[in-house]
Amino acid sequence: MEYILAKYNYWIYILLMMIGLYAMIAKNNLVKKVIGMSIFQTAIIVFYVSIGAKRGASIPIIAHGHGHDVIATAVSAAEYANPLPHVLMLTAIVVSVGTLGVALAVCLAIYRRYNSLEEDEILEQLR
Amino acid sequence: MHPPFPTATPLLAICSSLVAVPLIALSGKKPNLREFWTLLAGAIKFCLVISMAGWILAGNTHTFELWQFLPGLSIKLTVDGFGMLFALVASSLWILTSVYSIGYMRGLNEHAQTRYFCFFALSLSATIGVAFSGNLLTLYLFYELLSLSTYPLVTHHQDTEARGGGRKYLAYLLSTSIGLALPAMLVTYSLAGTLDFNVLGIFPEATAKSTLLVLLVMFIYGFAKAGVMPFHSWLPGAMVAPTPVSALLHAVAVVKVGVFSIGRILTGIFGINLLAAQNLNTVVCVIAGFTVIVSSLIALSQDNLKRRLAFSTVGQLSYIILGIGLASILGVQGGMLHIAMHAFGKITLFFCAGAIFVATGKKYISEMVGIGRRMPYTMFAFFLGSLSVIGLPPAGGLISKFLMVRGALQADLWWVLVIYLVSSFLNAAYFLPIVYKAFFCSEEEALFEKKVDEAPMCCVLPLTITAGISIGLFFYPNLFYSLAQIAIAMP
Amino acid sequence: MIASEQAVALMVVLPLLSALVINMAGWFDRRLCFPIALFALLGSCCSAFITVSRVIKSGVIHYRLGGWAPPMGIEYVVDHLNALVLVIIFVVSLLALLFSYKSIQVELPEKILQFYTLYLLLVAGLAGMTITGDAFNLYVLMEISALTSYALIALGDKRALVASFNYIILGTIGASLYLLGVGHLYIMTGSLNMADLQTILPALLDARAIAVAFVLVMGGVWVKMAFFPMHGWLPNAYSYAPSSTSCLVAPLMTKVSVYIMIRMMFSVFNPNYIFVYLDWGRLVVPLATVAIIFGSISALAQKDLRKMLTYIIVAEVGYMVGGAWLANVTGLTGAIYHILADAMMTLCLFMVVGAIIYKLKDSSMDSMEFIFRRMPVTSVVFVIGAFAMIGIPPTCGFFSKWYLISGAIETSQWHYIFALLFSSLVNAFVFFRLFEIGFFGKKPADGHDHHAPEIAVSEAPVTMLVPMVLTALSLIAIGIYTNEIVTVLITKTLPVGL
Amino acid sequence: MIWQLDLLILSLIVLCALATISVKDLFSAAIIFGAYSFLMCLLWTEMGAVDVAFTEASVGAGVSTVLFVAAVFRTTRKVKDRGVKRYWTKGVGLLAATSVGGVLIAAVGDFPGFADPLSPASTHLSPYFITNTLTDTAVPNIVTSVLADYRGYDTMFETAVIFAAGLAVIAILRRSKTGVQHESREKVILSEGYEDTIIRLVARKMVPFMQLFALYVLAHGHHSPGGGFQGGVILGASFILIAISYDMKMLLGRMSEKWNVLLGNIGVLVYAGIGFVCLLLGANFLDYSILHRILPATDEIMARSHGMLGIETGVAIAVSAIVVSLYVNIASQGKHDKGL
């Protein structure tokens, strides 16, 4: 029980990932696939951000630190959350919105040509 | 004492016809100029080869490393007795075949003659390359080049039959070389660490007999140009090619390259000591002996002259493999010598078949009754050629067969002797009736609608010469014989 | 000298900057796009060659981006292996660019601007993937190359959109799996720098999470390289794309992915872990065998030239994966050499098909009819490319097979040898069928001395012929210089402990 | 961190995810997906990842939702249910999902406990960033300093990704110019039916504040959550608001397609250009400290800070322009005639 509770974030991210992956592969509607893709990507973000969490730490912005003249006060690493996963995930979010845009554009172009968003109908027209 | 050996001569000998390819291609509009290039390249090639012969006969070998492809493995040219023997045969016959081709192609007004001569020159380069290969990789390279450059020659007519023959040709040759010879070569390399030919064999002593056996079988079948059954059927199929192609490529270049390769592998990769010691020579003899007998029997039943010649070739090739496979000194010498003897004899026969076709348009033996009166020179040459192939005096074939028989005795393989005798009898049985019908049966006029005369000069001259050489080799076999002796002289 | 030190950075920066410049200049005059792209790639090419010579002379180059020491900052690491891959990337992209000059004017006259911008971004992404020493940075660059290739493929004919959509879905799965794998590495080690990871990982051998990280990274990369059974997206995507896109994408994308697989296997994990501790070579090599056989048989069944080539790519990916997983030096050498060889072979054949499409507006096998008379230069190039694919010496295809088979012999993986030989034979069959159509026409001629119908020579434009001929020559040159390439570049990169 | 709250949000997220992939109406799916993103945003704030939360709020919940809605609006809302025929695909999907899930579950056992301060991730690299950000770069927001400087190379390509996406959407969707003019002449005011004075008034009044806030987020990114991305997205959102409340012509009148792409281009160019200037000055690519040679009254550390501001500005320009361009093209199917 403790094993499950201590890592609940990780269990949830796996669940989200499975939902997203299932939607990407099994859904017939293209927009649904794209939604699955977004869920899949956010699941990874959950994972990374969970890595960055630190018990008893504050947000990764150094308090009262304006300019490098006042750095006499030593900064303790334990006080602040791990910033690296946050940075990585900023990048990942932006990348995912880029992918989302392109995927939706392709969906629209497909709809314009085949007048359908259902995969099987499109494949039938291609045949 | 000979002058120092020019290093690059073997390379030049290979390249002389390669250089001719673009020249031939560019002068396609002017047939005379084109044929001049062909003949010039042939003459240069022959001179280059013969210039090395003295040096080789003095007991030297020459190795020339051209390019290192892989670590410890290079493109390497070696001139030794065996290679020299083969190169001499191939380059001398090329000149004759070129003359003959000119007569044949012009006589029949064939299409795409430029393409024909281009690939003809290319395939000769590959043949000489095989002859001078210093290691198995180089040999394989030229072997593949030969398969590819002869494909357009085989499919020359471009009709359904030619295309079928061409497909079969490539399918057999490529699939065996890629599927059997290449992996066998790689396994050999990983076992021995080298692929350079060495009369002592290159395998380490610890190699298991079963491995050797598998490799041996893969090599023999892998070089399918040698026509060992059951990978022989491309050869009759490829008879759709124009006759000069059949003559040169299926009496000399292609098939002899296959046999030469197997000979090289038996003597240079395995080494005859190993073959004899491990009793592997029996395996070779069984495989080759089977082909000898079966192909001779098939040849008996063929009516198409070229097909009969083709099956005869299949049998004779295995003769050579049988000789080398005996793994006794005399047997190997006989096998090597038979490459030359059979080449001159068989090319005469093919030339004759072509000449008959040019003059009369006949392909079938049953239609050639009494033709000897019309084409006496041709049919007499045919007679001499068949004597050589059967191994009767006064033709060169006798000497090589005699050596091989002695080799069988030397190797203590009595049953091989039986194969030789039976097959010689069969050879006689499928050749001599043709000659008999041509000369001694009453002429049936109905078979020849119009007046038939000899084929053009260009066709008759080469076949007369080769027939003459076949006989001449009976009396003066020394050149080839001493080359063969040098080739197998154990250090 | 500064210029040669900065050449490392310029390789990636030049295509990126020039992509932006092209986009700006192109809004004013479209004719500016091509020359800018050409100069940028020429510059990158020169930088790549300078870098290679530096690597050969003085060993591995580290370049700190932003001046930060790794593992804090991101660094470029150029060793012999990725120097080779970088040269491949820039040479191929330069040749493909030259090739695209005419074909793009016919196929996508309205999208020239976007095409060249995306093209250079793609090149920048591929080069960045190859050069980076940071596992996460690799993901970002993987996405940029993926995103641009989605778009470039979607510009193709009417079926390209659906193919591109499938590619987006599967490409995203692949990249995400990779990212997840990097996440697992990060949670276990706290580091993202490849060299740093390699020093930390041996202490964590027993952790199951590390094995999972390895599976995820490999899974992601395999999806990206279309390794069987994750190959489904590739054939359609590459065969419906505009021909100038497929000339760039087909030779490079899978090859760079293979390179990344090798890099992850040996520069992040180590051979001891993969082959001794996990011992998964026994699982992957049979899969590679299946990939090769499947790819070859599918290629045999195709009627369309490009479709056929794409299935050959699927088989070739099997070659390289199998070679890398043979767990010996020879096999890995073969796999790396095959990256080079296959990139050039694929480029060669795709350009030939591109030229045929340009001239005849058709890529079915029937379009090859009398091609030898119609487009003699193109068909000679085609013959050389086909020989390389079949593996006929002295083209480079023979030598990669040589190494791969030797490597398999050393480990007695006979099924893999069989698959390689089988695919060579199938390639031979496939290409000779085309030669026959190209040489003699579809239907056999009847009669003895017929003369084929008169067909005027109508060759592709010079801007297509030049890169094609250069590529064909390079196939032979690479084959002839095998020994040099292997000893100077490849053997230097082989990981210790193999 | 309150684990009860955490758990509550996580379960809501899973519910939303399930709902969004199972509803039959795509419009609902898009809206539920928006809710999903907002919940994510909450979760991350709660976990201390404020910058990620900010980005998710603006990018994930904001722009993504708008794009989804626009796409659905342009195509169809209905999802046809063909459950019967698709057993095979569903089987593959289930198989893939469970196998990947199984592999992932196998790994979790080895993970350090959630939020463990002694985990490798918290002890290996991050302490360096936390303790040295002020001495190295004089930027108190560690996320900003890592994003824009320590890992500035990542961020440059991230901007390039966005730029590439914008360009890709144009390449895929945009139709020829002649066609556009032709169609827009026919339908002059297309959003007539949606005309609503209150909305327009509120929107018009909001836009300047949004833009001001965007500039604040950008400029203050060194000291508080935010930065180029967030600022850029908000700036872009203000333009999208105009397009939604009025019509696309009004937006395009203020910011033509050409300028849009050019701005996106310039943004990335500012970023890469600053990096390139560093290279020209003799330092490594993106090594801003060298900029102190050309910037007045700065030492090497402040040069890094200023360099970051420069590239963040570039990012903001690029992101805002590309977000608008994404919206314009997707909402109008590349015809640039009408929006939502």
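Going by the order they are written in, the chains are A, B, C and D; count residues from 1 in each one.
Everything below uses one rule, namely that a contact is a pair of C-beta atoms (placed from the backbone, for glycine too) under 8 Å apart; a residue touches a chain by one contact, two chains touch by 3 or more.
Quantities reported herein were computed from a predicted structural model and do not represent experimental measurements.
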What's the fewest number of moves from subunit A to subunit B, given that each move must go to a chain touching the current one? 2
Ranking A-D and A-C by C-beta pairs in contact puts on top A-D
Can you give the whole-Å distance between the Cα centres of subunit A and subunit D? 12
Return the distance between the CA-based centres of subunit A and subunit C, expressed in whole Å. 29
Centroid distance [mean C-alpha coordinates] between subunit C and subunit B, Å: 44
Note: subunit D sits from subunit C at a C-alpha centroid distance in Å of 31
Where subunit D touches two or more other chains, by residue: 100, 104, 108-109, 111, 119, 121-122, 125-126, 129, 151, 154, 158, 161, 164-165, 168-169, 172
Mind pulling the residue numbers of subunit C that touch at least two other chains? 136, 140, 143, 147, 150-151, 154, 161, 180, 186-187, 192
Multi-chain contact sites of subunit A, meaning residues that touch two or more partners: 17, 21, 24-25, 51, 84-85, 88, 91, 95, 98-99, 102, 106-107, 109
Chain pairs in mutual contact under the definition given at the outset: A-C, A-D, B-C, C-D
Residue ranges of subunit C in contact with subunit A within the complex: 136, 139-140, 143, 147, 150-151, 154, 158-159, 161-162, 164-165, 168-169, 172-173, 176, 179-180, 183, 186-187, 192
Residue ranges of subunit D touching subunit C (in the complex, touch as defined): 100, 103-104, 106-112, 119-126, 128-129, 149-154, 156-158, 160-161, 163-165, 167-172, 176, 258, 261-262, 265-266, 268-269, 272-273, 275-276, 279, 282-289
The answer for subunit C against subunit D in the complex is residues 2, 6, 9-10, 13, 16-17, 20-21, 23-24, 27, 63-68, 71-74, 110-111, 114-115, 117-118, 121, 124-125, 128, 134, 136-137, 140-141, 143-144, 147-148, 150-152, 154-155, 161, 177, 180, 184, 186-192, 200, 207-213, 215-216
Which of the residues in subunit A end up touching subunit C in this complex? 17, 21, 24-25, 30, 33, 37, 40-41, 44, 47-48, 51, 84-85, 88, 91-92, 95, 98-99, 102-103, 106-107, 109-110, 113, 122-123, 126
Subunit B contacts subunit C in the complex at 67-71, 75, 108-111, 137, 140-141, 144, 148, 152, 155, 157-160, 162-163, 166-167, 170-171, 174-175, 178-179, 182-183, 186-187, 189-190
